[in-house]
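Scrolling down, you'll hit the structures one after another.
Consider the two complexes below, in which subunit A is the common component and subunit B and subunit C are the respective partners.
Let's turn to the complex of A and B:
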């Protein structure tokens, strides 16, 4: 009987909260559309493939040999040959104005050097503004030249590639064989959205009540503080779950992402993370007096966790201070967990320590927030 | 336009700013925190990628191959293991990003003058790291191959072949910060500028004091100019702070003229002004305006080629990027900071920004007048 009335009271709060959310359709639409927009953007704009990098070749040799070298560069998809400048200053101009990112300079003595059996030196300038692209372009440009050189030697000696000694790099890319960025981004967006919805919206809902002065009204009703917390949190948990599912479904069916690990484990991780974010939201709502303050407090954890957790950006080494900071962020552990289960398909045997730490953070936050929450109500 | 009335509203707005110490602190501190955090994460160089080497050959030749991985700073050999299974385990745990397995017959095969296969196991979860690791590893393998070919044919042919000598311009050490910091300056400037202007206009409306202002003899234009000017000043200061902090803290050298740099920044702020006013005319509450700002910010970040190259995007997204003002500013700021070239190299970008600024200002003025009457 006691339980029934308690459930009834909680349900009343839940319904009230859903009505609140429904009355603000713009925010609701944004919360639902935002993940789709994010996914589409990240899915289509974050490719680092070296494709069609604009290139110019300044051919001073103008010989059959140099044209063959140019052809070797043309057949790769990596470059598009847009310009044939007639002087070094033309080339410089093209680079300076950003019309090309690679320039190859074939010297006048190219053909004669080759004919004499000497190594022909070709110089190449690369726009290093974007280091990630620059380093890859550097590798490709050098490799194309080298393999063309080997081909010339072979023709001279009349042997074929298979007969020559050498080292073949057999690349096996695991977990994400096509190096598809979407597979990296989907887990990231799930983490970001879950955190945002669970902590920001919950904190907003509770602090908003206090700001409007309706918290006192709630206090005089027979609702207990635990019922209030549960009632306030459930709607946002539901919304977060729906959005999480939305992202996962788009990822799998639109972008063809594969989930390698166990689905049950994935759902379990998400629930643990949502509860932790919720606990943070409650903690914020205890401290903050106005919604604006709550927002600032939320940003305080959101921004560093997105930056430091390795969720969005490759983090190979951090300064020590930031390492400690990262170790405090729930998102850091969730990142490893969700990537582990979705991409790597590993299970508890590897992820147990991350789960443990996250659970501890969750419980500590819950206890602290819960204790303070009671006091603020009384 | 009456100067006395304009001055009155200017003063009122300055008093607002000074009184609201919290916003002012936030405006000056937030961008700094943002820059520094991003500096260490987004901008971190893809270097020292942790790898494991499993050298089953244990010969002089194979050690020579391993040495190539030790000398480059792209890789960091964290583990030397004795069987393939350990490589797999380290990859699963996320301890390493790549494992190199040299077969037992490596030296013998090469000595026989045949091709040998070295296996690379690459963690593809993070494609950015994966790409760099892959191309660097392939380059090492190919260079070693060429060396081997040269050595074995050495007697038959002295030299021969083609040698490409690459030179990297503008950013010779391929430092990530040099690329991303100028971009960040643009992004932070855009986001704070919009937030400030939106805050000034929408808050007035939200508090209901806009009606009071309309009831005064102030004209629409005076109101707009008076309200916005102080915030442009504030945004300009923030921009300078970001610029100086970002460039100096991370040691980004400015190759071009500093004056030109400041000029570009102010020009960009001016072009974005109409946009900020447009948002504040459309949004009903501050919250809504902030949401809209975020909604615009995200696509601009990705479409502008701030982190990811526009050449790899599908054509329609490349076209969409042309409309984003940040795209043009990015090219301009990189031109002056990294390339050190003059204004004559960025004429198309200046034209693009001007068009954007004028069009958005006209639209803003129209919707603002509509709102006021």
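Let's turn to the complex of A and C:
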């Protein structure tokens, strides 16, 4: 029966690929260990949380009130106060040398201004060399200052703020209430690693045959292009699945990520994305003549893909041209899908358009690459 | 299915790569059971021709039929019936001898029952039984070629194409390899062999000389050798170049070729010209040893024919 022989031939390729993989233990180890390292690295270093930022307060007032203000800052986790500068130049020196990133200057008239019922000014100096951190630090400094200010008012008025009429704006963070960076990062990292693994491995596997010259021999056998492609893809799908599972497990059990959505949906998304990456790898293998070319082509797409996919920077904050470019990248859709499932717990009803686009990209890539993948030499 | 019992037939088979015409209107036919040799120097177009016959490369113009099927229209039918041994080693180095054979057995859908028996027989045939657990990359050059041959035979094809199968192999292994090919020939397999080695051409049923994409001559080795004009004298002069120059101008001398320390001189009448040669050389003070009449080999015939062809432009 045609199908049986087809499957047998495909199985022959699959078995051969596993033997190859087994005989190359170094690559195998790297493939399995690298995602873990990457996850650890990115998980810890890209944390954008403000914690323990070094701060120093130059207290010119030296009053009970100024000490209370200092305490307000000491109490938060966001800042660590290790220094007591006694002059502007002290403060300046601390900031120049990078020992502190933010400094507060409490003027000598702080206590007297407060007692007179006037607004007491406090100056804040921030190291702006890292604008992202800088602006967040400013926000927290302001927040702490304001809440302290409200407390003072409370005491002055002898009432609790809650009793005053006015707008009570409360803030609740939906999805990711702890604003835990990890929850944001891990799904994106999964996407990144799945993409790299699948496309690099397929491209390498097929181009490798061509480089070694074995493709010529295969072309003279009855094997069909489809059987060859599927046969090569399956072992790498298996490996990619293992890696994906590995990352999810680390994300959940090590980093404490919670999956709010359906696990089945999550797996489904991952499979769709893996197939798309494999299709891309196949596409590259049709174009590239050597392994090096294949790697270069992959890098060409991977890097912008990661920058534009919404993993690090929100897409809406990108220039419009780049937003259009982002719309072409499969990783963009997958990042949305996987964050949707893990962080928001949403399902098909919201994500169907993303799923649809990804499926279309996958099919297009497969068709184009499959059509060009002929069993002839040129 | 096949009139005249031709297993391979080409009609103006042409392959052009951008500006280079690698194969130029090739016309040849090979009978069932022949050992057909395709002879020619580097760049003659042999590999391209073989690739087109194996249906792994499309011709730019012209057509070819192998085992009764058209190479462009029914390539898969052809591939079931032929074996192809490429010039470069194209098996899997990190797989063992046995694994390589098993892989091709799988790909060619050789049944479970016959498989073991065939593999054992092929290992025996290729003198590789002892090495079946060794990785292909760790075999010697000659053994790799034998393994490649064994892998082409796993599905018992009617025709085998071999592209320079013994290039880079030591003379002893070469002879062993040809012994194996002869066994196949006796079994009735058609062999299409391309080779730059003239002595191998002698072993073929028919030989076709290829040069610059064209076939210059196609016939049995005997008749090709007979095509060379004149009779062949061989001598060893102590001043090679001077002797060659002197002799070339003599009457009755058709062609002069050097061969290491020897001069091969084609003359119209050996008996008459030999003493003339002797005296002219002696007159110039050149000592010529071993002057004798000898039969031209493929090499001489080949060089002579190519030279004529390039002179004709």
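Simple rule for what comes next: the second predicted complex is superposed on the first by the 354 of 378 C-alpha atoms of A that agree within 3 Å, B and C clash if a C-alpha of one lies under 4 Å from a C-alpha of the other, contacts with A are read in each partner's own complex, and residues count from 1 in each chain.
Going forward, a residue touches a chain if its C-beta (ideal position, glycine included) is under 8 Å from a C-beta of that chain, and two chains touch if they have at least 3 such contacts.
Here the structure is a predicted model, which is why all the values come from computation and not from measurement.
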Q: Please tell me, clash or fit, for subunit B and subunit C sharing subunit A in the overlay.
A: fit
Q: In the overlay, answer first, second, both or neither for which of subunit B and subunit C A:12 touches.
A: second
Q: Figure out whether A:212 sits in contact with subunit B (first) or subunit C (second), or with both, or with neither.
A: second
Q: Mind working out whether A:158 is in touch with subunit B, subunit C, both or neither, as first, second, both or neither?
A: neither
Q: Using the touch definition from the top, say if A:23 reaches subunit B (first), subunit C (second), both or neither.
A: second
Q. Regarding the shared-chain residue A:147, is it in contact with subunit B (first), subunit C (second), both, or neither?
A. first
(Q) As a test of reading the superposition: which chain, subunit B or subunit C, is in touch with more residues of subunit A? (A) B
Q. Thinking of the overlay built on chain A, is A:220 touched by subunit B (first), by subunit C (second), by both, or by neither?
A. second
Q: Would you give the minimum C-alpha distance from subunit B to subunit C, in Å, for the three-chain superposition?
A: 17
Q. Touching subunit B and also subunit C: which subunit A residues?
A. none
Q. Hey, which residues of subunit A end up touching subunit B in the complex?
A. 26-27, 30, 34, 37-38, 41-42, 44-54, 69, 95-98, 101, 114, 117-136, 138-150, 152-153, 156-157, 162-181, 183-184, 296, 303-304, 307-308, 313-319, 322, 336, 339-340, 343-344, 346, 350
Q.
Under the definition above, what is the set of subunit A residues touching subunit C in their complex?
A. 5, 8-9, 11-12, 15-16, 19-20, 23-24, 212-223, 375-378
Q. For subunit C, which residues are in contact with subunit A within the complex?
A. 51, 54-58, 75-76, 79-80, 82-84, 86, 88-95, 99, 103-104, 106-109, 151
Q: Show which residues of subunit B lie in contact with subunit A when the two form their complex.
A: 26, 33-34, 37-38, 40-42, 44-50, 65, 74, 91-94, 110, 112-132, 134-139, 141-146, 148-149, 152-153, 156-176, 178-179, 287-288, 291, 295, 298-299, 302-303, 307-309, 311-314, 317, 331, 334-335, 338-339, 341, 345-346
